[in-house]
Amino acid sequence: MVVIKAFGQVKEQVGMGEFRIEEEMQNVKSLRTYLSDKYPAISWSSVAIAVNKQYAQDQDPLHQGDEIALIPPVSGG
Amino acid sequence: MVVIKAFGQVKEQVGMGEFRIEEEMQNVKSLRTYLSDKYPAISWSSVAIAVNKQYAQDQDPLHQGDEIALIPPVSGG
Amino acid sequence: MVKIVDTIDLNKLYKDLVHPAAGGLCLFVGTVRDNTESKEVTDLFFETYDEMAILEMEKIRQEAIEKWKLEKVIMVHAIGKKSVGEPVVVVGVSSAHRKEAFPACQFLIDELKKTVPIWKKEYFTDNSHWVSPTP
Amino acid sequence: MVKIVDTIDLNKLYKDLVHPAAGGLCLFVGTVRDNTESKEVTDLFFETYDEMAILEMEKIRQEAIEKWKLEKVIMVHAIGKKSVGEPVVVVGVSSAHRKEAFPACQFLIDELKKTVPIWKKEYFTDNSHWVSPTP
């Protein structure tokens, strides 16, 4: 199980700011595949993924209870 | 007659913030000569002279009633 | 000091930034502009991933401290709804000499806009959208 | 806006500087440092040739407006006695894009220090002197 937080545009597109995925995910890439299947309308290539509040790469492993964030292009300032 | 305002270090060296010179002065250069004779202890080469609130050059003429300022190196900011 | 706040008070931030060994400080304040690509903007709404935004701002702050000789460095971003003219972000540095202050301050805001998880929604007279900066 | 003042209030100056068409503003604030060439400074005293200082600051302001695309430009200098940590000068610009703001703001303070008739007397624990900047 991982906890997923969604922000900005992605939050509106998935329709919620926080949800869980019960399926086991090996790494960030598996998560991307899962999300692309579930939400094909979102352009995932422009969405960064953070694991436990750090930007993550595709090969980074996921663990039970990780806090995942879906980060569309940032626009602070 | 011209009115002379002195500032900063020069004000302290001449001992007053404002004084008059009754003698006729042809231009800024004549004024510099006059001041150097009267206050030889001041290093006049580092003191700029303003006429009517504008930085002036040696050849600039002086007129009756001009407001002269003796401007030691500025140190604002 | 890095912070997410509701409203920005420059006099307070001055006190956080001033330092006895500093001869000056440089501040950049981001404000709400009334237009974007010639469309009239009425308000902005800012959302952040708070805890990660703090971590990312702290990274940028440390990088600036390594690159320049600075006394203090602050990064403060506001959240919620902001109207035209309101401050939304302040970054600033204090340093002994002003030469360091300008590039360091520019670095802070440039980096903030690249990596800190904060999002801006623009409200127009007729609709709204999340801003997606073109690279 | 150029001004000689007794005390500097950044929140007020923000209001003078902000502009609906500006996305950001850059401010430089000069403060009293506690030392100069390793001597401890207790206070500074600022004196100005008010009317000429205003004219010279206005010239610099106009030059900046010609060189960069700016919305508003302010130069404000304080006079009288100032203690360590107090603001003594603020220069600032607002502009649509931040790229212009930093060099414009640096130009304002660099030029102010060169030509504006304002003088600073440094008070040390044992004596005082008028500052004569080494070129």
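In this document, chain identifiers A, B, C and D correspond to the written order of the chains, with residue numbering beginning at 1 in each.
Just so we're on the same page, a contact is a pair of C-beta atoms (placed from the backbone, for glycine too) under 8 Å apart; a residue touches a chain by one contact, two chains touch by 3 or more.
Just so you know, these numbers come straight off a predicted model, no measurement behind them.
Visitor: Treating chain C as absent and keeping all other coordinates fixed, how do the remaining chains group by touch?
Guide: Leaving out chain C yields the groups A | B, D.
Visitor: Hey, what chains does chain B share as contacts with chain C?
Guide: Where chain B and chain C share a partner, that partner set is D.
Visitor: With centres defined as the mean C-alpha position, give me the chain A-chain C separation in Å.
Guide: Comparing mean C-alpha positions, chain C is 26 Å from chain A.
Visitor: Could you give the separation in Å between the centres of chain A and chain D, each centre being the mean of its C-alpha atoms?
Guide: Here chain A and chain D have centroids separated by 48 Å.
Visitor: Distance from the CA centroid of chain A to that of chain B, rounded to the nearest Å?
Guide: 73
Visitor: So which stretches of chain D touch two or more other chains?
Guide: Residues 24, 30, 109 of chain D touch two or more partner chains.
Visitor: Tell me, which residues of chain B touch at least two other chains?
Guide: Within chain B, residues 77 contact more than one other chain.
Visitor: Output every touching chain pair, sorted by label.
Guide: Per the contact definition above, the touching pairs are A-C, B-D, C-D.
Visitor: How about chain C: which of its residues touch chain A in the complex?
Guide: Within the complex, chain C contacts chain A at residues 30, 46-49, 51-53, 55, 77, 88-89, 109, 112-121, 130-133.
Visitor: Under the touch definition given earlier, write down the residues of chain B that touch chain D in their complex.
Guide: 5, 7-9, 11-12, 46, 50, 53-55, 69, 71-77
Visitor: Inside the complex, what are the residues of chain D that reach chain C?
Guide: For this pair, the touching residues of chain D are 9-11, 14, 18-31, 33-35, 84-85, 87, 94, 96, 98, 101-103, 105-106, 109.
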